[in-house]
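Below is one structure, written out as structure tokens; the observations come after it.
When the chains are written out, they are named A, B, C and D in that same order, and each has its own residue count from 1.
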Amino acid sequence: MGSDIRVTVWNEFRHEKKSEEIKKIYPEGMHTVIANYLNSVEGVMAKTAVLDEPEHGLTEEVLNSTDVLIWWGHMAHKEVKDEIVERVYRKVLNGMGLIVLHSGHFSKIFIKLMGTSCILRWREAGEKERLWVVNPSHPIADGIPDYIELPHEEMYGEHFDIPNPDALVFISWFKGGEVFRSGCCFFRGKGKIFYFRPGHETYPTYYDKNIMKIIANAVKWAKPVNGPNLSDGKSKEPLEKI
Amino acid sequence: MGSDIRVTVWNEFRHEKKSEEIKKIYPEGMHTVIANYLNSVEGVMAKTAVLDEPEHGLTEEVLNSTDVLIWWGHMAHKEVKDEIVERVYRKVLNGMGLIVLHSGHFSKIFIKLMGTSCILRWREAGEKERLWVVNPSHPIADGIPDYIELPHEEMYGEHFDIPNPDALVFISWFKGGEVFRSGCCFFRGKGKIFYFRPGHETYPTYYDKNIMKIIANAVKWAKPVNGPNLSDGKSKEPLEKI
Amino acid sequence: MGSDIRVTVWNEFRHEKKSEEIKKIYPEGMHTVIANYLNSVEGVMAKTAVLDEPEHGLTEEVLNSTDVLIWWGHMAHKEVKDEIVERVYRKVLNGMGLIVLHSGHFSKIFIKLMGTSCILRWREAGEKERLWVVNPSHPIADGIPDYIELPHEEMYGEHFDIPNPDALVFISWFKGGEVFRSGCCFFRGKGKIFYFRPGHETYPTYYDKNIMKIIANAVKWAKPVNGPNLSDGKSKEPLEKI
Amino acid sequence: MGSDIRVTVWNEFRHEKKSEEIKKIYPEGMHTVIANYLNSVEGVMAKTAVLDEPEHGLTEEVLNSTDVLIWWGHMAHKEVKDEIVERVYRKVLNGMGLIVLHSGHFSKIFIKLMGTSCILRWREAGEKERLWVVNPSHPIADGIPDYIELPHEEMYGEHFDIPNPDALVFISWFKGGEVFRSGCCFFRGKGKIFYFRPGHETYPTYYDKNIMKIIANAVKWAKPVNGPNLSDGKSKEPLEKI
């Protein structure tokens, strides 16, 4: 249908090829699992793009027909070409939604949009994560219980060096003793950005029903609005000559 | 349709009865004009309620079938019974959307929800107001040009004593020299609140196409989500006895 | 010195009288421990006031010479007279700083200023709390390490029903599995409010060096500024008569 | 005195050399006027630096002894070397305060820290600007009346493409019909940033008493705090091996 939200799920798609363990969890890549889920959601239509495609699969044509871009990257952040980052950046400021997942916090595009270092504490110990809803009126929390448990995840801990989010929806608890602002909304230009923490490549996080519901909610929240363009500087009221 | 957003447009409905001038603009009251408009919007179904009905038209039954309540009041703020204010308050914290219009800034319900005095500067001089969009990515700005002009309005000026809004969508310019934060979003409990400045009773503001589009956008933004309830305090992790 | 910040530490002072266990920790009351500490801080001068004094120790005279009021209450919230709450409320909106500690989240004054229910999850299990700094640039985090551990505290968990803070400085981790926004700044009217979670009456929390440093930092942050008063509504620019 | 706030006032210092009209207003440059004022404020010690000095006057040594950097630039934004921008950027995220004035909104350093385009509407018509205080409890509003008038200024209008400020202190009214968020606070990393709109080079704005009081207030607000550093990712609680 014409009014479906058009999503492009982007993945660097390297871990899944290099590690047998990870390949077992995501044989066709995390992007495929996420896109398949989103295609089961009414009003959403998802495609995929990966790093090793020409222009990383993010041609002007692809981005022009993308309402919301989902981004997963980690080991190959540096391989993403600056001109493609610049292209995505302009699209976001012009209205395209952007959902940055997990290790995407260190992607060129996220750092550029945040303006900060985006560093955080981290630990790979397969420990338990529990995400608490801290804004139950937010559309991204729609249909989500008061907390979600993930039995095994990588730990990300504060201080997470990002601007204060325009809305904070989830805070994570980790068994090893840390907390983390794990669901963060940002308004930037005419676009909307959601950072969502979970999704380490060695755990089946993107098969979790609630995690996927949150991503679908975020897609709906991040869809572009028909916001105004900047007009010229002509005076709206008569001014005396000086 | 079952999934329509159910709106109740509440009005004290006194000015329109007392003043011939105002009656000419709104012969059946401002609430009727607003409700009629909303009933022309796909996915929205509006009813009305007024101060002089039993329980001010806001019985438990009415509120239980209200997704978003719109509030216009001015000369009779004090006549609104505290028990009805309390009822509306609980509904908002439990998820019902609330849109407060113009002089509703001084209603008991708005002051209670804000926790501040809600005072502002004001002047009735029929001057020009120009509302500028300051967040073009927000769904309430959808389809709105970069500014809207109202040829004649009452002036409201800063400092407006409200908490810093969770999102600021419009700032007004007044010919007499003032500015005002005139479109303010608040998350409160499981509910969402939008304060929208325009709508003095002596001007045909609620016939303005853009003003009504903004109110319709706000209705969609403020609709309840199925957010989580607070669970008990039982420990999620094993704790040693102390 | 004339420019010292004048603090009044208010305590309901009931637990310390009723329980032998608590009396051992705070023989002269929590307020005395807090005031003694603050009197050791350069530029701060602290007095105390308690519930059972006339007008709860919060006469107009006392409040007129108070720059920052600290509030600890729990079992006797209902005994605080509405007229005193109203008096404190007006002082805060007029510039007096307010620091609300621990169970003060359910005090009449805090609920009135927040406009929300202020409910939260809780558990008395003497478990470990760890407070993480999430805004290292905020003056309330000055001189504080990246986290603070309290070996035994009452648990407070999300969702904490407050407005989104104007600045979030600390998030707590609890051993039993919860997180909590435990250091929250609010601008209200001409006043500033800091909510700080720790301080259950059965633990020696107010002897902790870092906790007390945070309270002293908050006093400095919350001190009144000489902010403008609201002027009249007279036009700043010439307007045509209509 | 050791505890003075050390300010470096940076100016590209080109307009003042090229235009006779501007040279008359600021014969030794805007930076000199600002620094002289700040040196008259108790607890503040100001030096200057300009574009045409080696390393733009912003050597590691200079920045290491700078608590707050003030930035004025316009016609030569592109001449600022990327390596110096990077150096200032790291200092800000590590705690140095930054005050960006007027046309500095388009400087490389401000755009990098904001992550947005920072575009705005503008007009040079020498019209009246009136700045309204919208947060009377903020220390930057200390001692400022409810509004300030500047008889002649360049117009900057919304939408100003910046992230939503962490605190909004001033909104400007312009005679020609626009509004502008003209006093904006941002927390970034361990640093604090204040954007302040006024100060077009052809008007004597930096001789205005209130404008200068605001800049002095901002210096005090932006001074570094001794915030925590990020610690390693070692587990705070025992975790089972997996």
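Operating definition for what follows: a contact is a pair of C-beta atoms (placed from the backbone, for glycine too) under 8 Å apart; a residue touches a chain by one contact, two chains touch by 3 or more.
For clarity, every value in this text was computed on a predicted model and none was experimentally measured.
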Based on the averaged CA atom positions, which chain is farthest from subunit B? D
Per the definition at the top, count C-beta pairs in contact and tell me whether A-D or A-C has more. A-D
Using Cα averages as centroids, what's the distance between subunit A and subunit D in whole Å? 31
Please report how many Å separate the Cα centroid of subunit A from that of subunit C, as a whole number. 36
Can you tell me which residues of subunit B touch two or more of the remaining chains? 130, 133, 135-136, 146, 157, 159, 164, 166-167, 175, 177-178, 187-189, 228, 230-231, 236-237
Taking the touch rule as given, give the residues of subunit B at its contact with subunit D in the complex, in rising order. 130, 132-136, 146, 157-160, 164, 167-168, 171-174, 177-179, 181
Taking the complex as given, what residues does subunit B use to touch subunit A? 95, 130, 133, 135-139, 141-147, 166-167, 175, 187-192, 225-231, 236-237
If we count contacts the way the header does, which residues on subunit B are in touch with subunit C in the complex? 93, 112-117, 119-123, 125-127, 152, 155, 157, 159, 161, 163-164, 166, 175-178, 186-189, 228, 230-237, 239, 242
